[in-house]
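The letters A, B, C, D, E and F name the chains in turn, as written, and every chain counts its residues from 1.
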Amino acid sequence: MTKKDFTHLDKATGNPAMVDVGEKKLTQRFAKASCKVVLGKEIMQSLNDNSELITKKGPVFQTAIIAGTMGAKKTAELIPLCHPLGMDDCKVTIEAIGEEEILITCTTKVTGKTGVEMEAMTGASVAALTIYDMCKGFSHDILIKEVKLEEKTGGKRDFKR
Amino acid sequence: MTKKDFTHLDKATGNPAMVDVGEKKLTQRFAKASCKVVLGKEIMQSLNDNSELITKKGPVFQTAIIAGTMGAKKTAELIPLCHPLGMDDCKVTIEAIGEEEILITCTTKVTGKTGVEMEAMTGASVAALTIYDMCKGFSHDILIKEVKLEEKTGGKRDFKR
Amino acid sequence: MTKKDFTHLDKATGNPAMVDVGEKKLTQRFAKASCKVVLGKEIMQSLNDNSELITKKGPVFQTAIIAGTMGAKKTAELIPLCHPLGMDDCKVTIEAIGEEEILITCTTKVTGKTGVEMEAMTGASVAALTIYDMCKGFSHDILIKEVKLEEKTGGKRDFKR
Amino acid sequence: MTKKDFTHLDKATGNPAMVDVGEKKLTQRFAKASCKVVLGKEIMQSLNDNSELITKKGPVFQTAIIAGTMGAKKTAELIPLCHPLGMDDCKVTIEAIGEEEILITCTTKVTGKTGVEMEAMTGASVAALTIYDMCKGFSHDILIKEVKLEEKTGGKRDFKR
Amino acid sequence: MTKKDFTHLDKATGNPAMVDVGEKKLTQRFAKASCKVVLGKEIMQSLNDNSELITKKGPVFQTAIIAGTMGAKKTAELIPLCHPLGMDDCKVTIEAIGEEEILITCTTKVTGKTGVEMEAMTGASVAALTIYDMCKGFSHDILIKEVKLEEKTGGKRDFKR
Amino acid sequence: MTKKDFTHLDKATGNPAMVDVGEKKLTQRFAKASCKVVLGKEIMQSLNDNSELITKKGPVFQTAIIAGTMGAKKTAELIPLCHPLGMDDCKVTIEAIGEEEILITCTTKVTGKTGVEMEAMTGASVAALTIYDMCKGFSHDILIKEVKLEEKTGGKRDFKR
């Protein structure tokens, strides 16, 4: 059994270091992350008045979808030890969950030597921050909660929550 | 009383649009955001073994502090309708909260026409994503919970949670 | 009368060089650029079927508006000798002109030592390229024509077409 | 026959979305875009005095060539739904067309799952904006006209104007 | 007398941290950095054949000048704890020093709360790396030696070598 | 024997141009660059007091390691004619050399059509600039010297100093 460890700390020095993926094979990798944003009833009602919730589209949600997609592409710039990667696909979706919350999902795919879970996590986070930015004129009492990985496949170990 | 509204939607067309701050005065602005990350006992124990928790520094926390600071500087690139701003200060701190969680705090300052709350929120989020990236070798069962604004001053309305 | 010249070529060496604005005053500056894109009847009809033209919003136009706004913020990264600037405002609008074309307008404002006409030109161009990207599934016979400055105020010489 | 459609709109929701190229094969792809810039006789004469036109090089043209090449590399950062791609080659050329105009050409190559036509279009556009920036000390009566794709090969459908 | 210290380490925790310049005054700041690159006789001869050395311009030097200028603008993105700043001016010059070396100089100006010495150092370094990149087809036996600050004014303490 | 030449100048026009690597094979490539920074006894003593030198880690060195790694990932953005590349690995190490200097090493790996020597050179340079930035509170009499390529393998010609 492999001993679990901080993969981003160099064994010899303990300093932060990228993982060497030079010997790994190219495989098709997939990841899915999600995030909830608690907006409260007033903002949700305003989104509804603006047809965002019924149509699942509209200017607030679409701005967040685009920001999340562009944010996912910036992952290797933001996260110090992430490998620079291409991406085969990135999708962001947003929907209402009950009367006070929305659920953001970001899925990513790549054919590469390393996974795209950080890309999915980053895409979901940037979409959530964008929702926050666009709704903060109502209130700063908004909570981004539960950014988490839902699923990943194609690497050494698959993961599903 | 000002009617609350989506400040980032153009009144005439309903399309996404930056807020015009041309007539606003330069003021000293401050914001503070926080974020909790649930790592679980195994990772917390490993961080402890690595002296991260006692010293409040170490390679994992320091990488996250630097990533958060650099991420805060990238806010206007990530959030579509944020104004490009300088920054007078940005500080990221990380500490253990109980046996399973850490608390990330990001404070930002600017002398500008608009606030730095998105910078603080983005800095905290990128620090959290970096912690996730550096600990995911142990487990993907990590939860970024509760990214939220704690405080802002210097704008039209102060906010404190 | 000031002799007109290549302001971005160093007098002594003839090499490319930024203009020194150290002694210039901060003034409120405004610029407006426009761009026409010839899409042809088929794509225009499809945009119409998708309600983009009537509502002047929708996913294609909104993606272009956001890309144009974000592109304007990247001007100093793209144009080698542009000064890095903040921005007080940036608006992108898109509308149909007749049966085959759309008109993109980008307005920018800053309180600064130098103008924002390159920001307006860049914003309009990136919005146009985004429209192209989103419509090229129909045809590559799309023409971005007439990117031009419409107006600028606040500098040494105002300009209006 | 494939029904033409907005490839960047999600079939289910109508929201903007990247195209999934996960199942596509790597092929050698090529694209060529062009752009004309109407500078007028005075600027053209000054470029001539500066030997730019005869030698086809010089500080103005070379700055634009470099900006166009670097701009092409930034395509996936600028155009929201473009895939992040490597690039095997990117060339920008500039030449005089008659007494008032110049012609910018940008060619791009990649071995990838998706084409590089947006890279060629972006490279030509950024080169044109740079020419504009460097000549605007003479006059703002400069027109960037006819940014268009000239040719693409290596994808599902070749295109040649 | 002020005790000298690591200004980028937080007093309380010892962790890396930006310096708070919120209370500092805007002053006109200037910095000059230089860098020598040892190219060797063969490359210098080829630059000479290409007229780079006599004219002090040409494609190799101009590409480096532009890269250095654009690199200086990226300083706050590259150096983790640098404040994001505007810039009033940035000039890069290159000249031959004897038969084997060139000297790169980068001067920067800003009206700001903090200095632009890192911008000048970064500009000189990126210009040198670009020279290296463009000459490495001859030989990798090229040495970037002596990147250093020559002068700074406008802050708490002026410096001149 | 291949005639040596400026590989980044277009044969026909003499203008700067990317090298076309479309026909090259993917190979495993490695590069190693190094850089010395002369800090002087006072700063070295302070680093020692801070345990940086003994442990070879600590906030100054770790910040530089992270900046160097992130800087290496930005190479194609900084160096105009570099190809955009992924990276399989990037490691930065820092150690004391005698009483006044430190030695920075950056190694890079990719499976690609072109080498990663510019990435290694850029990583070492950005790490050095970061060290400079963090120590300049003591003195600006710091010298970045001898940025050079130590080794490269995997391309047409291997190199080892």
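We take it that a residue touches a chain if its C-beta (ideal position, glycine included) is under 8 Å from a C-beta of that chain, and two chains touch if they have at least 3 such contacts.
Protein names from UniProt, one per chain: A, B, C, D, E, F = cyclic pyranopterin monophosphate synthase.
What you are looking at is a predicted structure, and each value in this text was computed from that prediction instead of being measured.
Engineer: According to the touch definition, list the chains common to the neighbour sets of chain A and chain D.
Structural biologist: C, F
Engineer: Taking each chain's centre as the mean of its C-alpha atoms, give the chain farthest from chain F.
Structural biologist: C
Engineer: Among all chains, whose Cα centre is located farthest from the one for chain E?
Structural biologist: Chain A.
Engineer: Go ahead and note the Å separation of the Cα centroids belonging to chain C and chain F.
Structural biologist: 37
Engineer: In whole angstrom, how far does the Cα centroid of chain B sit from the Cα centroid of chain F?
Structural biologist: Taking the mean C-alpha position of each chain, the two centres sit 31 Å apart.
Engineer: Multi-chain contacts in chain E: which residues touch at least two other chains?
Structural biologist: 14-16, 57, 59, 62-63, 66-67, 70, 74, 77, 80-81, 85-86
Engineer: Considering every pair of chains, which are in touch?
Structural biologist: Between chains, contact exists in these pairs: A-B, A-C, A-D, A-F, B-C, B-E, B-F, C-D, C-E, D-E, D-F, E-F.
Engineer: Please name which positions on chain D make contact with chain F in the complex.
Structural biologist: 28, 55-57, 61-62, 65-66, 69-70, 73-74, 85-93, 109, 111
Engineer: Which residues of chain C touch chain E in the complex?
Structural biologist: 10, 13-22, 76-77, 80-81, 83-86, 112-113
Engineer: Within their complex, state which residues of chain C touch chain D.
Structural biologist: Going through chain C, the ones touching chain D are 4-9, 14-16, 42, 46, 50, 59-60, 62-63, 66-67, 70-71, 74, 77-82, 117-118, 121-122, 125-126, 128-130, 132-149, 152, 159, 161.
Engineer: Show which residues of chain A lie in contact with chain C when the two form their complex.
Structural biologist: Interface residues on chain A, with respect to chain C: 57, 59, 62-63, 66-67, 70.
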